[in-house]
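So, here's a batch of structures to check.
What follows is a pair of complexes built around chain A, which joins chain B in one and chain C in the other.
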Partner chain A sequence: MKVVIGVVGNDIHVVANRLIELSLGARGFEVFNLGVNTYLEEFFDAAVETNADVLLISSLNGEAEGWSREVKLLRSKYKTLDKLVMVIGGNLVVGTASAEEIVPKYKKYGFDLVFHQVDLNTGLDALEVYLGERKIS
Partner chain B sequence: MSRAKLLIDVGSTYFKVSTPSSIEQHFRDFNKDILDDLTHKCGETIHAYKKEDIYICSSANGGLSTLIIGITESFSLKYATNIAFNSGINIIDKVLYQNIQEYSVPSDLIDVVIVVGGIDSSCDIFGEPLFSYLKMLKYSNIVYVGSGKDASKIQEKIPNLVVLPNIIDHRLHIVEENLKEYLTNLYQLDIEGKEDIKNLYTITANQIYSTPYIVNQTLPFIGTKFSVVNPFILIDIGGATTDIHYSKDLVDDNIVTTNEYDRLVFKKLGVFKSKESLIFSAKNNEFVYELLTHLKVTENIFEQQSEKALQVLMQLALFLVLCKISHYKKAYINLKLLSINSIVLTGGITKVLADAQMEDIISFFYKKILNSNHNPSVVMDHNYDIWTLGLTNNKG
Partner chain C sequence: MSLLQQEREIILSNEHVDNFDFAEVEDFIRNADKNLFISHHFKNKTKMLVQPRGGFPTYKKQFALSEFFVEANVDVLPLTIDSNTRLNDYATAKKMLRLSEENDVDMLNGYPLVTHGYRTTRKMVTHFNKPVSLRHGTPDARLLIETALASGIFDIEGGPITYLLPYSKNFPLDKAFLYWKYVEKICANYSKLNEPINRESFGALTATLVPPAITIVIQLLEMMLSLEEGVKSFSVSFSQTGSMNQDIVMGAVIKKLSRKYADAINCSDAVINLVYHQWMGAFPTNKDYAEQLINMSTVIAAMVGADKIITKTREEASGIPTKEANAKTVANTQYTLRILNGLPNIVDEEEEEILTLEVRAIMEAVLNDSADTLWRKVFNSIKSGIIDVPFSPHIINHNEMITIRDAKKNIRIIKRGNVPIPDRCFEYERGQCDLTKDTTSMVNDIIHDIGIMQ
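So, the complex of A and B:
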């Protein structure tokens, strides 16, 4: 299964991104790491070029929210990404807010799975469960 | 001791002949074959050299044209565009495959179509819409540099398709070499295939190269002839095209390539063969009238045929090309012009404008467009040293 990962916007948290790459690799995923400072267009374009199953965007400084508002509109311009699973994780807010507030907001932006301040392995476990369920259904 | 060499550059408007002691420049007679014109004007010089000692380069045919079909802007189209520019190819259009049915089909004959998309493990990327589009398109060559898995399927459907290794590797990085070599060879064959150029082989035993290729090869050694401080740009304004060669440091793009210098061609910004399109571009630039006032002329100068009119056109070409690579105009590439330390000027412009006239335009550009007092040093290649350096150092 192919996953495109990277850190969105003006965020240079390179270590966390590398840990995600290693963890996904250890779980058998084929990972395409776009690195830090990545634009949304590049995420979607990479998903097209690689024919990825999952797009996993991370953000640690909270600026994902500004970018994520564009996700639905941008994705609608692509004709081959209907089956792409959209995941976002990290610290998804500037300041403080609970997951109960954050998760519905990001789902509305177009993400299938949202992990706000969730431990990496817990998040990836949830991703695998989600992918398993989707495959079964 | 090495033998004296005779260097000849055949441009679209002028040709230049360089011996170790002198350099001549002549306006071409378009009613004559290049060889006839050359021997008529410089026969004595040419006949003083053996064929083995005569080296020729040419940009007279203006380069090849390409249309690129890719599947994303950030990877396939961007990478193929980068390689095409660096191979001296002019891009007619870029087609995003998912919307291919919405694009109009160019009526001109395209020299080479590039089809690209997907890493090697992706498959079933291209289908009927591509084949239908290609049926309507007139082209001489077609090359596929996309996913290896799809290559044989596409080759079955497209006659004479050349398949090369993917230009996108498994990490989504660019792989330039194969396509660049193919396009460079195609350009070379095109130059050699022109009847006019073929005839030049009667006076040289050496391969005839394209001039932009020669200039690009010179850039790493430019410091041996000029006081140029990196990063720099080199602008070659000629009769048909304007070329820019620039240090990679001036681009924000994260394309990792092996060559230090890239090249951009503006096919329609020359002062003779593409004069009309230069004036058209000028009239569409909101700052040009202010520039004309600054130069103390009116737009009537465009209608005139005089030394002054030619100087103004050259100054406009310089201004427009700087605009096109600045953040003022969203173009293929925007260079960090506030970071450059030197601007090197070569080509016909150095014979028409004085140093002060060029410095004046550059300073006008920085003030008006970039709102800055930045003042890169202007280096003039008055004697075509860049070209001669390239031609004498070129190892083929």
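So, the complex of A and C:
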């Protein structure tokens, strides 16, 4: 299973990004890490280029929200991304807000799975369950 | 006119610089008070020098901060530069400075030195008559350093590796080497006029599980790059690792090897100092705990035998500290240093030997690169992963090395990537760690190891 990962926008927080790469690798995924400071177009381009199954975007400084508003519009411009599973995680708000407020908002932006301040392995467990269920159905 | 002077005239002639007077600046440095030179204080010091961090956008607030520091008995004043200036975006720095001045709200995370200019800043520097250390993070610092030196700031932090690999994703590394070569030349030339200008490397790097061997190699290389341009006073540095023993071992090895490598390139006349950074990783949000951590860092710095310590504040976890909190750390650190007497002499020969072997092996690989100049050798070595900095965001960095903490909290290399760690040392490092765990629990350990002080 191929996953493209990276930190969106002008966010340079690299520590978790490296740990996500290590953890996904350990779980048997083939990981393409775009690193920090990555723009939406670069994510989608990489997903096309690698023929990825999953796009996992992360954010720490919270600026993901500004970017995520453009996800649907941008994705619709690519023809081969219909099956791409979209995941976003990290700290998804500038300031504070609860997961109850944030998760529906991001689902509306076009993400299948949303993890706001969720422990890394809990999030990746949920991703594996989701991918397993999708395969069956 | 020399090529360097031609380049200087280009750098210093633009709309952000108010008529740079080369002859006047040279005269100022030639006749500047010795107290402005940290190299002079290093020569005559009887105790570890204490330096905080700090920068505010407006002249008024920076002046007030410096006053607080002086009252707290500071040895070296800091001048931390805002992020726009660091990225050469002087237009934004100017706009944000104006907004800060008009609204009494800080719109910049530091002092926009180029925007204030050297004539204004020099007034502040000469008023306090203390050495000032420039803290930034700039890959192309040519205009910034010209302005700093003209202002009377004679301690210049940074370097092509240590200001690039932790701070940038894709600024070209080869350009950074050439821009810093300019900085070294300017510092070297001014050093002939009065006391030497001091250059300081930023050994904290990413402050995230960087193994001592990598830190020391980068310190030695930035020192050599600086000395070969004629700099006569250089500070190598590192930050608290999380293990007192590892800090002491690192201090001993870096002192010995920096002298050796300086002598080996015929720079025996250069003075090398050691700077210690209080804990640079994630801080506890509990401010009382933060003070305890800061105090412990001071004790370790004394055990390491540092020549200068750079302090944190009790507000580290919550953002840019107030001048009160910042000055408080300075006073507390001075107090701790004053009462800290009769320190034991601790030597761990086995650890020193292992670390020395590692550093020598990496240095040999770098210096044996076939390129014709030192900066190209270093560039090639970073590109090929002979030098690999854990948790660097830069695309050129290999990110193949993996480090964790052993039971005593020493940072250990468990995967070496392309870094030529000798087999014997690698076995020793791995031998200290529990390697039976699967990667998932290893990742949890790494997360824990990063947040060790919280």
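Here are a few things to note about the model shown:
Just so it is clear, the second predicted complex is superposed on the first by the 137 of 137 C-alpha atoms of A that agree within 3 Å, B and C clash if a C-alpha of one lies under 4 Å from a C-alpha of the other, contacts with A are read in each partner's own complex, and residues count from 1 in each chain.
One rule holds for everything that comes next: a contact is a pair of C-beta atoms (placed from the backbone, for glycine too) under 8 Å apart; a residue touches a chain by one contact, two chains touch by 3 or more.
Given the structure is predicted, the values throughout are model-derived calculations rather than measurements.
By the touch criterion defined above, A:Lys79 reaches chain B but does not reach chain C.
Once the two complexes are laid over each other on the shared chain, residue contacts for A:Asn121 go to chain C alone; chain B is not touched.
Shared-chain residue A:Ala46: touches chain B; no touch with chain C. In the superposed model, A:Leu60 lies in contact with neither chain B nor chain C.
When the two complexes are overlaid on their common chain A, residue A:Val36 makes contact with chain C while staying clear of chain B. Under the contact criterion defined above, no residue of chain A touches both chain B in one complex and chain C in the other. Chain A meets chain C in the complex at residues 12, 14-15, 18-19, 22-23, 25-27, 35-37, 120-121.
On the side of chain A, the complex with chain B involves touching residues 30, 32-34, 39, 41-42, 44-46, 48-51, 78-80. Per the touch definition, chain C reaches chain A in the complex via residues 167, 169-170, 206, 208, 390-393, 395, 399, 402, 438-440, 442-444, 446-447, 450. Across the complex, chain A is touched by residues 71-76, 98, 117-119, 121-123, 125, 168, 171-172 of chain B.
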